[in-house]
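Next come the structures, one after another.
Look at the two complexes coming up: subunit A is in both, with subunit B in one and subunit C in the other.
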Partner chain A sequence: MPYQIVVCGGLAPDPLQTLEPVPGPAAPALKNEMMLPGVLDPWASHALYEAAHLAKQHSGSTVKLVSLAPKAKLQQVLMTIAQKVPFELVALDGPNNGFSDANETGKALGEAIAKLNLPKENLLVFGGWESATRGSGVVMQVIAEHLGIADVFLAVDEIKIEDGGSFTVKERVEGGKHMVSRCAAPPAVLAWATGNLPEPPNHPQTGMANMRVIMPSLQKAAPTAVGSGMAFASASLPKQVRETRIVKDTPAAEIAREIAEWLKQ
Partner chain B sequence: MDGMDDLNPLEQHDATPEPKPLDADIVCAGFGPATGGFLTTLTRWLGTEEGMAAQSRAFPGMPPQVICYERADDTSFGVSGVVTRARAFKASFPEFSPADVPMAARVTGERLAFLIDRTGAARAPWWMRAAGNAIQALGMATDSAFEVPYIPPFLHKGDGFIFSLGQLNQWVGQQVMMSGLAQIWPASPVAEAIVEDGTVKGLVLAGDGTEVRSELTVIGDGPVGAVSRRLDEELGMPDGHRRDEWAVGMKFVVDLPESCTLAEGTVFHTIGFPEPEIFGFFYVHPGRVASVGIFVPSWFESPVRTAYRYLQHYIQHPYLWKHLKGGRLRSWGAKSILESGRHGEPYLCGDGFARIGEGSGSTNVLTGSGVDEAWLTGVQLAEAVIHLYKQNLPFTKANLQATYETRRRSSWLEEEGKVAERARSGFQSGLFAGFMGMALAGFTGGKLSWPRPKEDKRPATLEQFYRTRLSPDRVRALRAKCEADGTALHDALMDAAGWPGIEHDGELLVTHQDALLMGGKVQAPSDAPDHVVIREPELCHDCENRLCIEICSGEALRPGEAGVPAFDHEKCVHCGACMWNCTREIAPGVSNIAFCAGPGGLHSAEN
Partner chain C sequence: MEKILVLVHTVEGGAVPRAALETLAAARSLGGDVVVGVFGESAGSSIGSLAVEGEAFAPARYATDAAACGALITASGAAVVLAPHTSRMGRALPGAAARAGGVVDTHITGLAAERGTLTASRWFYRQRIEGTISRAARPWVLLIEPGSFEAAEAAPAAAVTKLDVKAVSKTELVGFESPEGGEQTIRPDAETLFVAGAGWTKKQKDGQTHTPEAGELILGFVRAAKSSLGSSKSLVDMGSEGQSVLPFLTHLHQIGQTGSTPRHKKGLATCCHGEEPHVVGWRFVRERRAVNLDANCGWARGKADVLYVADAFEVVRELNKLIGS
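Entry: the complex of A and B
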């Protein structure tokens, strides 16, 4: 059965950047936010790679990436992501700094997906279980509610399609274990943890093909406000102590022992 | 594009397509100021009514297909200490305001300072020490520095801007991309040019070997770019031209402390410390942020060429430390600078290709300026391409020479390049000759210069360089210990030679390893092949200086087995200094270190 897979994914600052919250006119913002290089949110990236993998196995399937982010920054990041896997883009031009409202974000994404008028009998909505910006962990549930989809899976590591169209889903649960559920049929919302797939290497041809639909989508991205209902009392960085030592091939047990020693100090 | 219909994302889902050739009209290697100038100028024209009439020669009926491949993971990951008069840039953007680009500022004040060594560890010549002592004795020094009351006009940047190169590239790149008339693909290192029967037919991407065939290949991959160097090996250099003068430029981007009162746009140029051969800079960006850095040149006699340790000493000089103390390291980066200037200019064009930017010999070593010159070369090539499109002429060597090269030869770039051509020749004879040579060339418009000696200065051996400080036995003992520990020699030698230890504060003064993560932000895919390759390891066995290890900006090269340096590509910042510091050659002019195209490197947008 071909699937219509929609992946929700925003941007996050490149994980190696120096982040500093600063007061903004209505809400906190990140200092020099527009100058920070970005990446597709790592959790959403896993969801996108899993979606492409699933689509490849089921001929006729499509993958659409619905992304809420500043348009110029999104375009910049997509020049890398577009080389990874084939997808179409639905762009929403809005803030993506971790200080937006999760409910409004979910609603905006849900509305954008609804406007696609995709048949629900083969609709799978993917996204990240968490976010590298300021994960509230609820956006995917809000999207499901907005779309009227009852089957929602969180912290997903695997989806396996079975004969007849049903599928099983592995969700992470406490204690390093998975809970396996069987779902009779789409539609379903899957909020991914890390999945099992590595980051695909770049393929220039894939990038060139994706670009044909990315640029028009970016040009018509509608401005989207998602922070109006929030009030922040304060925002600050966690205190951190950095003591870097780069080692190779150290056994995990040895690393754990050192960390435990450090924590005891 | 070739086979585009087969690759429509709406219809196909093969995530691992076999590499097959792509076609384009113009393909560029590297995105920096030169390619920025090229694409800005070209896409502006393509967006005009006249430009829209231009047809792709690869895909008749479509507009010209223009593609740029950049090695770094983002268009904003460049490194440079940029203070520039920005003449060419301002011509491209007459309405430009520094507020448009983060970290950009107008130059508001400029000082040239002679820094006096207070550690006693620098190897200053007697006359420089005497001058320092005299300045101190006469009460002319402030914070152990003498502010030179006169800045030669050729050094002035008074009407220019301070930039973060990363932010400038990002700003330019976004505008080019949003035009929809050119594509810039980051994370796409280019291995080499496709050369068939003496004609360049496009590029080969390093990742999966995809060939991108084009009518014109624009090479702007910088001084250590793989495409440039492979092409030089193929074509050779014009008579009398050679690339033999280099420097490592290393910089910190610092959050200045609240106590700092320097106005944004302030520029310091410094000489004298941490070693007399090492020049330095300090620029104040908006938002209480500064770029501070040094240049370690190839004519620096010391075999201990660690830019990182020297930069830590540099920022602690009292003249700078009073502004920096209490600051915080935001970012850090390093790059090789090709300082041969016009003297290192390769063949600028040939059938199917043209070269622009620093790798084309555009940097002016007298004025200490390269970004604006690189931008201009890109603009000139774009103007030439536009002319050829209008005339419906092919991109042959003759046509490119008549349009691009002619423009370049008749511009201020060439005029000033000639003035600078021999400006630094004196440094091959010594510091005094070097400074005199710069003054002679600068004040006479290049008519006079200090003659270059028949043999260039070579790095001394460790024993020679430290002969007045350390016994040969001590040097040998330190070398043996560092080899056993797998560490570079520079820290041990500098400690032994009297340089004060660096007291790390975890904020601004951090270990080199910490800088890789909290300042340099280095990242590389773990499964990528090594891009630094020792071609003939046996040549390393009896190499005692191992400058490649000492100068490595990321501590990626370390003593390895049997004297062969070990390379960790996850730490490499892609500065390329190992290549030009290698003291062994496998053939005349061919270094024993191959610096290939590879992914990863710095992930900072602030450098």
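Entry: the complex of A and C
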């Protein structure tokens, strides 16, 4: 069965960048936010790779990346992501940072997906289980509610399609375990953890093919206002800095004794 | 303070998780009227005065759990809903909040009520920025991070109102699996976290890699110390890219920006550079020590209490002799 796979993914600052909150008119922002190099949110990236992998296994399937982000930054990031796997882009031009409201972001994405008028009987909505910005784990469930989808899986590491259209899903739960569930049929929402696939290598031909449809989509990106019901009393860097004691030129046995003592305390 | 619903689920056998009792303590600390609602197996005999139970509500599934949560929120009439941030609640409650016309915030690590205004603390950008928020919208659902409060004591409710909730799901629970080959992973009950970095699989002093020995040393320590086993992203990724690595490490061991954020009392990092994307996962590890050959690695820059500049193979070999005996 071919699937209509919608992947939701926003942007996050490159993890190696230093982040500093600054006051904004309604909510905090990051210092030099528009200058910070960005990446497609890591867990959303995994969702995209898993979507492309699934689409490849089921001919006729399509992958649409729905992204709510500032248009200029999204264009920069897509120059790289477009080389990874084939997909179509649905761009929403709007705010996307850690201080935006996950509830409202979910509603905006849900509305955008609903407007695509995709048939529900083969619809799978993918995304990251949390973002690297808000880290809330809320958006995918809000999207599910907006679309009327009653089967949602969180922290997914694997989907296996079975004969007859049912599929099993492995979700991360407490104690380092996977919970395995079987869903009779789409539609379903899968919020991915890391999955099992490595990051695909860059493929320039895929990039060129993708960019032909991505650029017009970026130009048409609808300005999307995302409300916020949150009032911030504070946003600051953690104060804790440790005084690191550096132990050099010490025999391994002595270090081991010190660590063993520490472990016993 | 507004009326608070503490929403909890039972686990196998009808018990409530410790995180539920921590959430109850958080609610009581705010003052005001606190009502407890429970769903899941044997919920009617649990600590709640409101309950949703029945065969359909025993397994963790979004459709049935969200329906149960929604019914409990509505029946309680509470303006504020506190729940433990377990995987089950994390999956279902955001949907239930949306159905109830409310809003939800997750990973809450602190709560305060001053002059009737409730504020909640949480982290942004994966534990890199901390913030305090408030909201006017109600019901306001807050998922409390386990380990943020001391657990309260709770007895079974004197009188229980069982709600009749109808919910169907096309999802069925098949079972639970432990990660392949991973006898140890992130276990919240362990006192110590042991993190293996990519250096374990690199060429050593003799110009050769010693991956099998690295595996023996790491597992030897984890078994003897009964510690959790974590890893850096780079080491886990090397495995999925087909390189020779430690076969027992999976993405479930990954700590940091794209992994977990465990809450152990002590953490020992080995052969790991302590770069920021990894160290954000150590935010709640109180005592940190690291063994690394690079005296200028990230751990040396205020991220660890002690950095031992030494060969981790030698140190862990000696350490295993001491703690294994």
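Keep in mind that, in the parts below, the second predicted complex is superposed on the first by the 236 of 265 C-alpha atoms of A that agree within 3 Å, B and C clash if a C-alpha of one lies under 4 Å from a C-alpha of the other, contacts with A are read in each partner's own complex, and residues count from 1 in each chain.
Here is the rule we go by: a residue touches a chain if its C-beta (ideal position, glycine included) is under 8 Å from a C-beta of that chain, and two chains touch if they have at least 3 such contacts.
Everything quoted here is computed from the prediction, not taken from an experiment.
Using the contact criterion defined above for the overlaid structures, shared-chain residue A:193 touches subunit C, although it does not reach subunit B. When the two complexes are overlaid on their common chain A, residue A:162 makes contact with neither subunit B nor subunit C.
Contacts of A:16 after superposition on the shared chain: both subunit B and subunit C are touched. In the superposed model, A:56 lies in contact with subunit B only, and not with subunit C. Of the two partner chains, subunit B and subunit C are each touched by A:245. In the superposed model, A:121 lies in contact with neither subunit B nor subunit C. Taking subunit A as the reference, the larger set of touched residues comes from C, when subunit B and subunit C are compared. Contacts of A:263 after superposition on the shared chain: subunit C is touched, whereas subunit B is not. Contacts of A:37 after superposition: subunit B is touched, whereas subunit C is not reached.
Comparing the two interfaces of subunit A, the one with subunit B and the one with subunit C have residues 16, 241-242, 244-246, 248 in common.
Contacts from subunit A toward subunit C in the complex involve residues 13, 15-16, 19, 21, 28, 42-43, 98-99, 101-103, 106, 132-138, 141-142, 144-146, 150-155, 157, 168, 170-185, 193-199, 229-238, 241-250, 252-253, 255-260, 262-263. Residues 1, 3-4, 7-10, 12-17, 19-20, 22, 73-77, 102-103, 164, 167, 170, 173-174, 177-178, 180, 183-188, 205, 207-208, 210, 212, 287, 330-331, 506, 511, 513-514, 516-518, 521-523, 568, 571, 603-606 of subunit B touch subunit A in their complex. The part of subunit A that touches subunit B in the complex is made up of residues 14, 16-18, 32, 34-37, 52-53, 55-56, 59, 61-63, 72, 75-76, 79-80, 83-88, 200-213, 215, 219, 241-242, 244-246, 248.
The residues of subunit C lying in touch with subunit A in their complex are 60-63, 66, 86-88, 90-92, 94-95, 97-99, 103-107, 119, 123-137, 169-179, 182, 185-188, 192, 225, 237, 240-241, 251-252, 254, 257-259, 266, 268, 275-277, 283, 287-289, 291, 295, 299-311, 314-319, 321-323.
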